[in-house]
Every structure is written in C-alpha cells, then in structure tokens.
Amino acid sequence: MAQTSMLAMILAGGRGSRLHELTKKVAKPAVAYGGKYRIIDFPLSNCANSGIDIVGVLTQYESVLLNSYVAAGGRWGLDTKDSGVFVLTPREKADCGLDVYRGTADAISQNIDFIDAYDPEYILVLSGDHIYKMNYDKMLSFHKEMGADATIAVRGVPMKEASRFGIMNTDDNRRIIEFEEKPEKPKSNLASMGIYIFTWKTMRKLLIEDMKNPDSSHDFGKDIIPVMLNGDKKLYAYEFSGYWKDVGTIDSLWEANMDLLDSDNELNLDDTSWKIYTEDTGIIPQYIASSAKIDGAYINQGAHIGGEVSRSVIFSNVKIAPGAKVIDSVLMPGAIVEEGATVTRALVAENIRIGKNAKVGNKKSEEILLVAKNVKGED
Amino acid sequence: MAQTSMLAMILAGGRGSRLHELTKKVAKPAVAYGGKYRIIDFPLSNCANSGIDIVGVLTQYESVLLNSYVAAGGRWGLDTKDSGVFVLTPREKADCGLDVYRGTADAISQNIDFIDAYDPEYILVLSGDHIYKMNYDKMLSFHKEMGADATIAVRGVPMKEASRFGIMNTDDNRRIIEFEEKPEKPKSNLASMGIYIFTWKTMRKLLIEDMKNPDSSHDFGKDIIPVMLNGDKKLYAYEFSGYWKDVGTIDSLWEANMDLLDSDNELNLDDTSWKIYTEDTGIIPQYIASSAKIDGAYINQGAHIGGEVSRSVIFSNVKIAPGAKVIDSVLMPGAIVEEGATVTRALVAENIRIGKNAKVGNKKSEEILLVAKNVKGED
Amino acid sequence: MANKAFGVINSAANYIRVEGLHDYRPIGAFSFLGRFRVIDFPISNMSNSGINRIHVYLNSRPRSIVEHIGDGRHYNINSKRGNIQLLFTQNNGHSSIYNTDINAYLENLEQIERMPQDYVIVAPSYMIYKQDYQKLLDEHVASGTDITLLYHKVDQAKEYYRACNVVTLNKQKGVQSLERNMGTAKEKLISMDTYVMSKEIFVDLIKKAKKESSAYSLADMIALACETLDVRGYQHKGFFAAITSLDDYYRANMEMLEYATAMDFFTSDWPFYTKTTDACPTQYFHGASVTNSMVCNAGLIEGTVENSIIGRNVHIGKGAVVRNSIILSYADIGDGVYIENAVVDKWVEVKKIKKIVSESVTPTYVKRNDKL
Amino acid sequence: MANKAFGVINSAANYIRVEGLHDYRPIGAFSFLGRFRVIDFPISNMSNSGINRIHVYLNSRPRSIVEHIGDGRHYNINSKRGNIQLLFTQNNGHSSIYNTDINAYLENLEQIERMPQDYVIVAPSYMIYKQDYQKLLDEHVASGTDITLLYHKVDQAKEYYRACNVVTLNKQKGVQSLERNMGTAKEKLISMDTYVMSKEIFVDLIKKAKKESSAYSLADMIALACETLDVRGYQHKGFFAAITSLDDYYRANMEMLEYATAMDFFTSDWPFYTKTTDACPTQYFHGASVTNSMVCNAGLIEGTVENSIIGRNVHIGKGAVVRNSIILSYADIGDGVYIENAVVDKWVEVKKIKKIVSESVTPTYVKRNDKL
C-alpha cells in the first residue's frame, strides 16, 4: 500500500533552448549537474524520499536519453511491486489524433486516464528542471491540514527582484488571495516555485473544463490558478526556505555547480538521510596521479586527474592530462583536457575534447563559456 | 556484457481493430491471453530467454496500459544493470515535428538514435501480437553462419492456404530469391512470420535511404525487403516449426485460448526451461467451492469458482457464482458471472459482469461472441 | 506520520519445533496456502504500515528465506529509501539454549544502534495475522506506555498454541504476567510475540539480558520488566495463527478454506506480498473433481480433491483422491492413490504406496523428496 | 554457445586467515580499492562469460555478502532467466576442520544435482583476476580433458601466496601435483583454485570425498584425482591477486596505483560490477594535496594523501598526512594525524593518537569501529 495517496507528475517537456547546445540532443531535465547527477534526479529522488510511489514523467521533446534514463526506475528505488516511473508522451487515441502537449495543464489533461488508473486523492505537479531537496510529504500534510484544493510552494525572493516572478499574495492564514505574474508593484515577495499539490477530484473537473475552453492556453499559472481564484476554491501558499535553483541558463547552471564547492553549501548532497539517487556505475575510484595538483574541487568517481584543478566540478570519466589546467570550470562526463591545455570559466559538455595546449575561456569574461564542440589542439 | 550483440525492437503499434472493443482502451499487445498473460509477454519472454538485454517497444496508439505494463521490465528480468525494456513513442525532434510512425520500417527509422546508443551488431524486429515460443539466439546463430544481411523467420503453411500469406521462395541453401505477397500461384509454402534479424550496419543505410524515398510506404515487407532482393543483399529464410498463432481476431484469440485445454498442447506453458513471464501478483490461490463442478479448464490463481465450468479458460479475479455455468468460453480478468447465468462460446472482456440468470452466447453459433459490456441480470 | 519505527522480525524460539517440515526450513519459510510463506505476513504488515527499514533475523537453514526475500522489491519496499536487512547469527545450532533472539540481537547490536528511528516494532516470523503497526505505534505513543504487547484471545488454548506465551492483564490492560501456555484452560490471552517500544528500551533490555542470563529471550526480559516498566496489552482481532506445531500449521491452512475467513483476511487494501514464480495456470482435465479447495498454479489435476490445499506444480493422477490434506509444491500424487489428513512436503512422489491416511487429529507428515 | 556451465563461487579454506579484516567479514566481502568487494570479481567474470546460474557458498558472517549481492541485478544477471543463489552451511565455525568446501557442497547437494547445465566452473571468492570462463570452458571441452585448472606463474612465491596451492605440470600441461606452497622457491605456478569439469565429475568428487576424509577439500580431491583423471593446467595472464594474508591484501591494492595496471585491468569490454551506494562526489578543499592515490566518493579531503587508497565517506582532516595506506569507508582521520603504511578499517576515528606507522613490510591494521 502506498504510504501517501499522492501521485507525482513531473513536467519534463521543456526545450530548454536557453541552454543552447547542451539541450540539442538531450532534454533539459537530462542535463548533467553536480559531478554525478542529472537535473531530473532531484525531483525523482525527492519523490522517492517523500514516499511517493508512482511518478509520471511528461515529455515530448527529443527524449531518447531522458526516456531510457528515467524508465529505469530502479535508480530511485521506484521499481518495487507497486511503484514505478512512467514516461508519458503524447499519444494517439481512439477519438483524436496525435498532438503535442499544448501547455502545462494540457500535459496533465492528456494523461487523465493514466492518473485515474491509480485513483489518487492528490496529485503533485513538479517541474523537471530545478535543483533542490524538498519533502513533499510535509507539503501534503500542510495541504490536508488546510483542507486546500490547491497548495502552491513558494519561496521568499528579495522584494526588489519580486517583479521578475509569479507572486502570490496571501492573507494571514497563508490562503492565496491573488496571483500576479511579474507584477510591476509586487505586494509580496512570495514567488511560485511551480510546485503544486492539487486535490485530484477538484482538479480533474477543472482540467476537463479547461480542455473545452478555446480561449485557454492550458497553463496552470496562466489559466487554471486564476480560474480557481475567481471561483471559491481554497488555494494555499506553502513556504520553502532551503536551497533552490532554476538552472535554465548556462550561467545559472554553472553557478549551481560552483555552489557545491562551498564547504557549508546548503544543498548538502552528502546528507545520507536525504540522498539524491542517480545512475551509479561500477567504475573505479577517482585516480589522482603524482603530477596532479588540486586546489578546491568537487570530483566524481572514475575521473582521472593528471593536471591542475582549481575551484572546479569534475564528472566521471573526465581526463585531465598532466600539464593541463582547469580553473573555475565544470567538466561534464567524458570531457578530456589534453596536455598543456587550459580551461577557464567554462562549462565543457559531455565527451568534448580540449586539444593539446588549447586555451579555452577567459578569466575576466562576465559570461561563462559553453564548450559544446571539440577544440583542436596546437603543437 | 550482453550475451548477444543483438537488440530487439517489438512493433506494438497496431490498432488491432479486428479485436473490436477489446482494443478500444488497450493496445492489441496488451490484450489478455491464456488465463494469465498478455500477448506481448510472449515476444518479451522470448527475448529474455534468448539472452537479449535491450528491448524497444514501439507504440503510438492508446498506450497507457501497454506503456506502464512493459515499462516495468522487471517482469521479464530485463531490469539488470545493463538491460531494459524501453517504450518508444513518436517524438518531437530538433529538426522535425511530431509525427506518427508511418510504417513498420519508419518506426525503426525514427528510432535510429535509440539503437545507435547501444551500438548493436544485429537488430531483431518482432511483432507484438503473436503467440509462440522461439529461441532468437538460435536464429541469430543461423544468421551469422549464413553471413546474411537479413534473416526472415518462416513457417510452412498448407500449400492450398499459401496464397493468403507473404511467401518466401528460396534456393536449396535457404537463400531467399523471391518474395511474393499473397501470390495467386504460390511457388512455396514458406510464409513470413514477420520476424526479422538484420545486420544493423546494412539496415541502417537502407532505412536512411528509405526515409528519403517519397514513393515508399516505409514498410519492411512492401519496401525494404524488395529493395534488398533487388540489390545483391543476402536474405535467408529460417524455418520455425513450433506452435505459432496470430491472434488478430476474436475467433483466433478464442481458439488460441482453447488450444491450452489440450493435455498435449504444443505451446507447453508449464515448461520451466522456457517460462513465459508476466505480471504475477500475490493473490490467493484459485478457490474452488463445494458447489463447483469443473470439467476441463485452464484456471489461474485468484479465480473463484462456485458454479460449473466446462472447457474454458479462466483468468484471475474471475468469479463464477454457484449455479452459474461457463461453457467453451474465455473469461478475462475480473469477469463476474452471477448466479444462474450461462455463458457459452463467448469471450468475456476484463471486469465485465454477467448478471443473474442472464444467458450469453450460443452453443451453435459459428462465431465466438465477444462480451465487452455488462449484461443485465434477470430476477 | 510523526512517529517512525523500524521493524524487527524474529525467528521462533529454540524450544518451538514443528514436526517434519521444520527439519528442512525455518517456520518463516513454511508454505501457507501453497503460495505464501509464513514470513510474508509480518513483512507485508510492516510494508503496509509504512515501515521500510526492516531487520530479519535468521538462524538455522537461512537459504530458503534469503532466496524468498531477495532485495524485497516484491514487498513494495523502496530499495533506495528503505531496505530489508538479513541478519545472521553465528550461534546457529537450532536447539542450542544459546540460540535466543537476545543473542542474535547482541551479535548485531551495531546494526540496531545505527538505526535512525526512535521506535521499534518486533514481530515474529512464525505467526500469521494482519495488523496495522502504524496504528499500534500511534496508540503506543499516545498512551505514553513503555512497552505495548499484542495479544489475541483464544478459546482453544488446550489443544493449540502450546508453545506460545499467555498474558494476564489487569483492568487497565497492564500486563501482570507473561508465561508459557500450560494448557490449563481453554480461554487464554495468547501473546503474539509482537512488541512496540522505544529503541532505547529495546537496546536496554538486550544489554540487561546479557547480565541476567545467557539463555534469556526478549519475552523473558519483558516478563521481568512488567515489574518495573509500564507494559500494556493491545488486543488483536481477526484471523490469527501461531505456527508452533504441525497441528497448528494444519489448522491454520484449513481455516482458510472457509471462504468468509479467507475474504476477510485477504483484502485489496492490505495486500500480502510474496515472491512469485511465473507459474502458468492450472489445468483441470476431464474427469477431475475438485471441491472446497485452494489450488495453486501449474497444477495438473486429473483426480479428486476435497477440502485440501494444493501447492504449485502438483500433479494429481487419474482416480487419485486427496482429502483434508495439504500437498506442497512439485508433489506428484500417482494414479489411484488415496491420501487423507496428510501434509505432503515438496518434491514427494507417491506412486507405489496407494493409501496414506492419518486416523488421529494430527495429520500424517510425508517427508520432502520422498518417493513412496 | 553450445557448452553451458553453472558457476560455483567458494569461500576461502579454513586455514586461510587474513589478520584483522577477517575478524569482521569473509574475504569475499573485503573492500578492494575502497569501492569493490573481492567477490565482485569472480561474479563479474561469470556474468561477463554468459553464466547466469551461480551458486555462492557462504560460511561464517554472511551478512555483508548477502547484502552486497542482493538479487544480483547489479551483476547484470537476468533475475528471471538466471539467478545468484546463496547457499549456507550449518557447519560455520570458521576454523573448524569440518568447515570445508566439500562439506558445504554436501549440505547443498540437492541444489547442485538439480542444475540443468552439463558443466560447472568453480572459482574462489578470495582471488582477484579477470578471466573469460566461456573461453576456458570451450577449451576444456575441445581438449576432451576431465578437469581444467587455472594457474598463474608468479615470481614472489616466497613472500606471498603462502596459503595457496602450487601445481607442477608435465610437458603436456598435465597436472602432476597440487600441494601447499611451502615458499621453497620464488617462481611457482600458483593454483587459482578455479576448475572446469563436468557436473558429473564434480558430483562424483564430492561424494567420493565423503568416503575419503571428512576434512578433505575439493583441491585435495583434485590432487588425488591427478592419478586417475586427465587434469590439465590452463595459464592465466594479467593481474592476479590471492587475498590470503594482510600482506597480499595490501599489495593487491597498491599494485593498482600503477596506472597502466589499473587501465589494463578495468576495461569497458569487461566491466566489474558492484553494488553502488549513491554517494556524492568528493570534495577537495583549499589546502588539500593528493597525489598518486585512488579516492572514492563522498570524501572530504582537507589534508595530504600520498600513494594511498581512500574509501567512501572518509574525512582527512587539516594538516593530516596519509601515506602508503588503505583507509576504508567512513573512517575519520583527524586534523594533524600522520598515518603511514596502515590498513584502517571502516568507521575508525583517529583523533587523539597523532601517529600510526608500521616500520615493517606488513602494514599496521587498525580495527573496525576503533576510536584512537
């Protein structure tokens, strides 16, 4: 029997075009992060740790890698008798053709049959591209306690930045009385995190109505939440205060990696009571050669360090040759830095080779360089 | 390391419209068979038993149940470190929109990226809706021995029926020299079973050419095989002689079920050296009440027999009330036959209820009755 | 769920001995209804109660249970977040007086002390019942008691439950004594050897036991603790079986042939999980006659079966009659053989002897692998 | 693949004893490179060779191996088609003379005789090497020999491999003798305790041993069989370690710090599988200095590490120096501590003692859970 009666749906359909070449062959939630993980490991591990047994992953864009990655639910322990991770793509149906998901709400609507098969009391709707650790079971307790129709996770942002976010205005009991998308004059600093718990019975009705509405863009933020607020539904804000990062751009992805170098970083990946599970291979430990020099680094098993590494995050199968230098950078799985090469303030994509003596990146550049193509060496 | 370097692709996209209401909410490969199984258990178990580790299941039509069914690869032991069952639906790509699979060959072509990720030497293409037990590893040995580009499994059909099939004409060395679809005057009785082994390097090229061909219907039988025969490719016929049944119609599905009542049925599901794996629940054993009378039956665990059963196949969670009669019928999971009701020569779909004293089916009818809606009782 | 517990599943005490079956496997591995193993019930109870860290103590002949439990995925335990940990003892002469639960705990004290949960639920691997342990735990915490003990009121304590302990309670459900069932009365409160307490008290009792006596069990320690701690009883209702003799084993199976009992026990909201084997359905041939029986899969039934439990992959030959019996997996009952009131163990082949009948209440036991 | 074999993985003989580490787990459960366990190597060899029915014999302290192997999915064994079966012995006093492989086989003879394969590959759980057993089996069948034995030519048989057997071969690779290494010469052919034979011969040797002597091992029986059967040697090349003493254990780990050796052994076409733990990457702080070492995940490195193996979740404090040592998981090496030539077991905390150095060739061993 499930510990909670809540089923999770992860929206993983984003093209993530602001991540440029990183998402050309890989959906955004499958992008590598933190020396070892893929972004989607975070919501999936949170689900597993929160006692959620059934997770639907909604995807439509270039999803071979994401698909086969999440389909192996065993990575998160979600392959027991009654648990599973299911990849849900748009489907051809008896009464309608094949169509893409038209919006976040439509993605759920198109999978009402899937949800109904598990008959949950609540559904949790998550985004597949945030880095954070959160106990959804606690959020559910709050939802139940409040007798809410919808609970939206929010976090406090600096007031002066609030106009960049979707802001929830609440009364003293945390009930949401107004939702403003990027308000010019924000009345509160509680920004929506795109994490929702809905009482399924209520939401199911709203989704069916929304599907019929020709004027709707079928989006939770733009359409469903306003309809709920205009009706007499009970929406509550659940405040979250831990580490949270949207890694939608190269700079923010790089920053989120660099955060791990702090000795007291808030994400605390080595907390064994809330592990982030991922593909973990039987590769050899990290090999640090006699010629290596490491000054601040976050390094995964299977990396081979022959050169110098400063303030960098190094994934597995990365090879840094003797005499090479890697500074303030992120090297994704299988990246190779040959002898004499220098990598500075860069994010090197999977399996990219930086040739002999090549210089890549610039200490003074404001933006982080994405290296998604092999760089030729010089003799 | 994989035992074979062969990856399997199961074509499971069929609408199966000749199975009428049975496939209204369920893709054909997920239709129930044999008291316990679903049709797709056969190719999947054959793969597992043949030592194939990676299986792609290609589906586009109403696939929620099929999808979540096959995604749990553990049912066939295909959830080890390096194995998996992957559901492959049409995807939106960076350079093209979302499109349905246009033919059997197109379904493979659209998943070249998936296949390439595993870099197999051979691919096995299967149909998801046949009942048979076959060792694909032996077929692969034959393929290798012959140095073939393609090997097609065939079975001998009665010569007078041969014009209903796709017929392979071979030379003395089993090399295919001609392929005729439903020939008026068949030259051989070797019918294609729709089971192919291809040398991937060769097939990959052919598929890419085929995708560009505007005149192609992107079908293996109609397009790819003829092109191979017209070229100088080596195609061989591999003869199979065991039990084999296409369960494409209600009558043939019923017949295939009835075959199991023979004490020396060829399918031999109780052979422990070649088990057919399926979802196996921790339900109680079949309960045969004091009022029961069973005269020839194939009954699964979790069934509850209170009435009379003759020459029938009974799935789990079926309840036959005292005083009810079930004759020459197939009762799919959860079917309920109430007191005094009689079911004759019928196939009762999942969770259907036959009310009190209702009479369903006819001993003399030529066709088998499909019961896909509840039948009201009479007092 | 504010209060969290880990689970401990224990083997039967060294003085409990089930004739025949017990020679080949521990009680936890006994087949129930031909399909389950006895240990499936406490593990499923824990899994259904949201307990996902479970210690299973094994002493002699652990193979069958180790195979059966595997990595616990079939018990719906998330293998990353939780786990079923199999713990062994060195001291595994079954009937050695040192083969006590306490000594098993002592050998694995490091594992116990490392558990992060505040509470422990201890349940036996040799009893079959249904119980929501979370409810029991919540009640335990709410009442502020030190130890809560599960008991069942029975009215056949003279014939059955002879290796169990009985409890006496005061008006406040306080446990006044806990001692062996001497069969002195029909009606007794049988201790279900199931306890809830804080990890602290649990560890404390284990450590104290070491000083008291090397042969003491946890039940002994709790019996002693009644004097100093607040130990309370919690009544269990519904089906309850203690598999502590061949009679008890036989009766537990046979009671399930009462359809109402079976339906009350096996409900979809409280599934009992087991390791499945992908056995095909059972074939009933023309001429077979089966009534009031439970039949497992992959059977070939040609003869007559009445009031019996038939395990997996069993063959009942033509003209054979099986009555009031339990036939375990892979048994082959030859043509014309008559069996009544027997427990036939796995892989038995009855061909040459045509009649196996027990005249007494206690069924005849036919040994594993025997060819008769 | 015409010839099919099942695998048997065996425990170390009762006279093999590795100081320190062995008190807490069998050799198969020893950590190798801080990440693998020794038993991963024979199981992976079998899995990679297409052997999917494997018997693993366990004697004393089986917990760690049972947990590590689980249901074997991480060894890429299809759990439906194949399986890794854990077999136990009752006779589990480690150093008892009756604690032989033969007695373990005898106790589980029913399981062995039920295997459908014609051949068996027997491999030890206490040696580390890479070998394609399918190739060995094909060779065995092609040569028509009765028993094929794997051996390795070594040139340090005086200092190492002291608990191993040595073989002498005739010109035709026929085994003339198989006996304990007496350290009489540097160069020896060490038996890798790995055999291929038909199931029939295997069962025959087991049954004969029972008559010969209750304390005989399979190696003893094969030594005897050299007189009557065709027993041949098959030379193994590449990395080979027999973990039969603390010196051998230490050397096996240290040899892998030679990058060429490691790269030759760990190749992508022959993966060595292990149970993974989802440990996060290792953090190197400003001021850390690490050279010529292998470091596992979830480490916190603030000090200096040279020529060492650092296990999972290890902390090396500020100013600490670890040199030529093996530090196992969860060890905490405090600020300013100096460790040289040591094997530090799991969960050790070194805070108060500031220097741990072994002057001899044999490293110092620091006991599990110790606080120094």
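Per-chain numbering from 1; labels A, B, C and D assigned in written order.
Heads up, the rule we're going with is that a contact is a pair of C-beta atoms (placed from the backbone, for glycine too) under 8 Å apart; a residue touches a chain by one contact, two chains touch by 3 or more.
All figures in this text were calculated on a predicted structure; none of them were measured in a lab.
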So which one's got more C-beta contacts, B-D or B-C? B-C
Identity of the chain that, by mean CA position, is farthest from chain D: B
Interchain centroid distance [CA atoms averaged], chain C/chain D, Å: 38
Using mean C-alpha positions as chain centres, tell me how far chain B is from chain C in Å, no decimals. 41
Separation of mean Cα positions, chain D and chain B [Å, integer]: 45
On chain D, where are the residues touching two or more other chains? 73-74, 80, 271, 273, 278
Two or more other chains are touched by the chain B residues 74, 79, 81, 275, 277, 282
Residues of chain C touching chain D in the complex: 60-63, 66-67, 70-71, 73, 80, 85-88, 90, 92-93, 108, 110, 278, 369
Once bound in the complex, which stretches of chain C touch chain A? 1, 47-48, 50, 72-82, 116, 269-271, 273
Complex contacts: residues of chain B adjacent to chain A: 24-25, 60-65, 67-68, 71-74, 79, 81, 84-94, 98-100, 111, 113-114, 117, 282
Residues of chain D touching chain A in their complex? 33-36, 40, 73-74, 259, 262, 266, 271-274, 276-286, 288-298, 300, 305, 309-310, 313
List of chain B residues in touch with chain C within their complex: 34-36, 74, 260-261, 263, 269-270, 275-278, 280-301, 309, 313-314
